[in-house]
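Both complexes below contain subunit A, partnered by subunit B and then by subunit C.
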Partner chain A sequence: MDDIFSWLRFDFMKLAFGAVLLITPLFGLMGTMIVSRKMAFFSDALGHSALTGIAVGIVFGIGDTNLSMVVFAIVFALLLNKISSKHAESVDTIISVFSSLSIALGLAILSRGGNFSKYSSLLVGDILSITPKELLYLGILLAATLGFWCICSNYLQAASIHRALAKSKHIPVSLMEYLFAVLAALVVMLSIKWVGILIINALLILPAAASRNLSENLREYHFFALVFSVFSGILGLIISYYANVATGPAIVIIAAIIYFATYLYRRCAGT
Partner chain B sequence: MKHKYLFVAALLLSLSLAGVGFVKVSTGAGYDGEKKGEEEFLIVTSFYPMYIACLNIAGNCEGVTVRNLSEPQTGCLHDYQLTPEDMMMLSQADVFVVNGGGMEGFLTDAVKEYPDLKILEAGEAIFSETPETEAADEKDHGHDHGENAHVWMSIPHYMEQVSAIGRGLSEADPAHQEEYRTRTEEYLEKIQQLYQDAKKRLAGAQGRKIVLFHEAFAFLAEDYGMEIAGELDLDEERQISAQETAELLEVIREKEVGVLLAESMYGKDMGDTIQKETDCRVYYLNTLVRGEEDAASWLEGMEENIRLLEEALASEEGL
Partner chain C sequence: MTMRKMIKPCGLHCIRVNQLSVSVGEQQILKDINLHIHCGSLNAVIGKNGAGKSTLIRAILGDIPHTGSIEFKDREDGRLQRLRIGYVPQALNIEKNTPVSVYDMMACFQSRFPVFLKKSRRIRQKILAALEIFDVRGLVDKQVCNLSGGELQRVLLSMAIMDEPNLLLLDEPVSGIDRNGMELFYETIYNLKEHYDLAVILISHDLDYVARYADQVILLEGGVLKQGSVREVYGSDAFQEVFGNAKEAERGGIDRG
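Showing the complex of A and B:
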């Protein structure tokens, strides 16, 4: 057993481990809401907007591009939410347009003068370089998400099942949706540096999707999503350490294996 | 109902076991943090040219280990991230030999992580010579590395680096001082010989116009007095705009440049284009950042570069 935990001797691994313990439950929780609200594409677009956010920050000369990234993502999320609630017919097309436009803008601005390589680490992410302060931000975000989840989870669920019915029960549906969009923007932006644009959506979606294959009620749904998310996070980190591969992809691969296993289980169990 | 929880438990357990098995198999392979004995002096180098220099100086010394970071297989070092294996190596290194000049973008992270790590910057003297204004000027052209840090491409600069490493290692590890000193001198002599030879063979290069596809070759041009008519810094993430290409073609036609130096990994497509559009001949040189773990590889690579340059100049005269 000594061998298995020898990696905890190093400070950067302890911090990365802490980050995984904070990010994965966060993603598990957000994922369940995103999957049941059929917003997988929305969160993907959000991830892509990170590039534009940084580019906007550079154009306006804002020193801390993290700030411009978060602000841009929130604006982007609210805008997407507004537009997609008006045109229910072709939401995926609209999101796709926005997402590709924002990534094209970001690439165009960031690649000026051949500077893009500086930002390529954003694409893959690097959980090993996390600092204690950033860990604290993630902790605060997790607490906020938990709070939001305790209060609003039922409302959101009701709204996603039947919007009109939820409205008639005096649930502030649009307010909830906007709040959720902002929260999703915050979660995606604050973790994108560690997880990477290319795979952040997989981490959000896979545990919840796998959990959906198994669960018969909401409690099980959330429970399994959390378990799968945290489990693949920890195992992925350990494997990435020994196999010397990037951490994010290792986590996603494990989450994907879980998804396929649960999918087969559902097929065989015939539910 | 019960099946489901059983299934999940079995799934997670088997995945964990597979993970543990995987870990067990792969722990033998990579760098094992336990292996280093107390007396061993561990030199870690940041990338290939530094590794080769250190191999020559300290390669076969008793009780000294030279290890290179698991550097990227593609591209430059600028945006490289340290892997867990690297972090382990650095945590046990006695001295960390780097090129400096902004080449190692991850250096700040490493310093933050290991404040006690002794860092030996081989190019320190060279980079501090560069006047401030020049460095700032470079930035305007859009290089994210500030100044041109590929100093190992210049024979005289590389010699400076080698002697700086030799001096630094002797200071850090007085026990092997004598060995380091003689080996450094031996290596420097070999390089000096190559340089004399190269200067003779490339005497005709003085004032010749060339175009570069990689800023590393600027040092070659400088060493032999060639005039750089145009430059495009092709890099792994670099996306060249149509305008830049057109401008470069203009320059080549106007100044009648006959030789273009490129690196095969990133310059190939662009080189083919240029060759099709103009009379310019494209030569693919080695930036000496990748290769075998062979102490002589810098010398061999440099010699091959010189041979190619000679060929390039000869063929241009033939035109």
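Showing the complex of A and C:
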């Protein structure tokens, strides 16, 4: 037993383990809706906006760049949501434009005077540096997300199946979409330091996409997405410890392997 | 077709659409639509592509901004009531491999109990009862994306009548339904309006079926060109102008697209 859990000897590994246990279910859950609502571009753009948010904070001399990052992401998410509801045809193109602009702005400002290396950890993320207080924030966010899910997931699901039909049943479609956009912004921003801009979207999309290959109803969809997400999180953390690679990428590789396995399973099962 | 809950149409309610107009930007799509719809009647909206048929449905639904009003009145004392609308869209935004069962979809629209968490026996009973009316009880655990066009249509009808609507808005199915399916569809709608206390507004592309089943026909072309019984509308000059020889062509090519 000692050998199996020897990686938990260090405090930073215990905290990282806690972080994985909070972040992965959170991402598994958010991912189901992001995939259902075909918002992969949206969440990707959100991740990119983190750099801009920090840059905006620096330009305006805000001490806590975390704050400017979250505020900017929420504004950005609301804006993207508004655009998506107005121009249904070319949403992916428009979001890409905003996403590229936002990351270019962020990079331009942060790299002024050759100082970008200070922020490069944000690109890959570092789950081993998480503190107990930050763990608590993640816990609160997970609880809030679960609460949101219990109240709003039916509505969001209905709206994604047919917007006008949902409206005709007096479902507050627009309000739900805005709330979800804000929640997505919060989740992405509060975990980006640990997961990293480059792979945050993979972690959101892969478990849900893999789960879709196996599931026939919403309960199975959520269950498998959560299981895959948590499993790749824990295994990725252990592998990263022994193989001495960054944790985020290790988790994503496991999640991707699961995705391909479920894809092959579906092909072979012939459904 | 088994009808479990038979409520005869009372014939005492009517729905009035007054001066309804829809503009998108500079362009006026619908102008001064006035309709008078009785409960227990099947009202077919016909017109060419781009005549504004779908826009009319969306405006009545409240999905797009419009001017004018829609009233639901008691014919005896003229008292206004709240109109409950059942809507049956032509297609859903569901692609292959979507993990949503018929139960999931109906429960998402009809209840607050979190579908992702657990199945509710009570809601399942309600859903089964609604599906039973259209003989599709067996589909409850099927994935929505795997249903045939006709099956989906019946599931959507089941969902539409769960709130006991006064007005049913629907598009005639265009794709994925064969000749038998169409016959069945019209019979279903006909039975529905005969046995339930509701009015039906149906967008139709098939003049033959309209002639056989509709109580009132509304010929649309940006505005109402002609409104009345099948005989009145089909015999009118406006009808000739819009459909002309197209009517003959349609008779020959009903199973198109």
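Heads up, the rule we're going with is that the second predicted complex is superposed on the first by the 270 of 271 C-alpha atoms of A that agree within 3 Å, B and C clash if a C-alpha of one lies under 4 Å from a C-alpha of the other, contacts with A are read in each partner's own complex, and residues count from 1 in each chain.
Please note the rule applied: a residue touches a chain if its C-beta (ideal position, glycine included) is under 8 Å from a C-beta of that chain, and two chains touch if they have at least 3 such contacts.
Being a predicted model, the structure only gives us computed values, none of them experimental.
Asker: Answer with first, second, both or neither: which of subunit B and subunit C does A:Ile199 touch in the superposed model?
Answerer: Touch partners of A:Ile199: none, neither subunit B nor subunit C.
Asker: Give one of first, second, both or neither to describe whether A:Ile258 is in contact with subunit B, with subunit C, with both, or with none.
Answerer: First partner only.
Asker: Please determine whether it is subunit B or subunit C that touches the greater number of subunit A residues.
Answerer: Comparing subunit B with subunit C, the partner touching more subunit A residues is B.
Asker: With the two complexes superposed on chain A, say which partner A:Ala55 touches: subunit B (first), subunit C (second), both, or neither.
Answerer: In the superposition, A:Ala55 contacts neither subunit B nor subunit C.
Asker: Could you say whether A:Ala77 touches subunit B, subunit C, both of them, or neither, answering first, second, both or neither?
Answerer: So A:Ala77 meets neither subunit B nor subunit C here.
Asker: Applying the document's definition of touch, where does A:Ser160 land relative to subunit B and subunit C: first, second, both, or neither?
Answerer: Only subunit C; A:Ser160 stays clear of subunit B.
Asker: Where on subunit A do the contacts from subunit B and from subunit C line up?
Answerer: On subunit A, the overlap between the subunit B and subunit C contacts is residues 216, 220.
Asker: Would you pull the subunit B residues touching subunit A in the complex into a rising list?
Answerer: 1, 3-4, 7-8, 11-12, 15-16, 19-20, 22-24, 26-27, 30, 33, 70, 75-76, 78-79, 81-85, 87-88, 91, 109, 113, 141-144, 233, 235-240
Asker: In the complex, go through subunit A and note every residue touching subunit B.
Answerer: These residues of subunit A touch subunit B: 3-4, 6-7, 9-13, 111-118, 120-121, 126, 128-129, 214, 216, 220, 224, 227, 231, 235, 238-244, 254, 257-258, 261-262, 265, 269.
Asker: Give the list of subunit A residues in touch with subunit C in this complex.
Answerer: 32, 36, 149-151, 153-155, 157-158, 160-169, 171, 211-213, 215-222, 266
Asker: Report the residues of subunit C in contact with subunit A in the complex, numbered from low to high.
Answerer: Of all residues in subunit C, those touching subunit A are 58, 61-63, 85-87, 89, 92-94, 97-101, 103-105, 107-119, 141, 143-144, 163.
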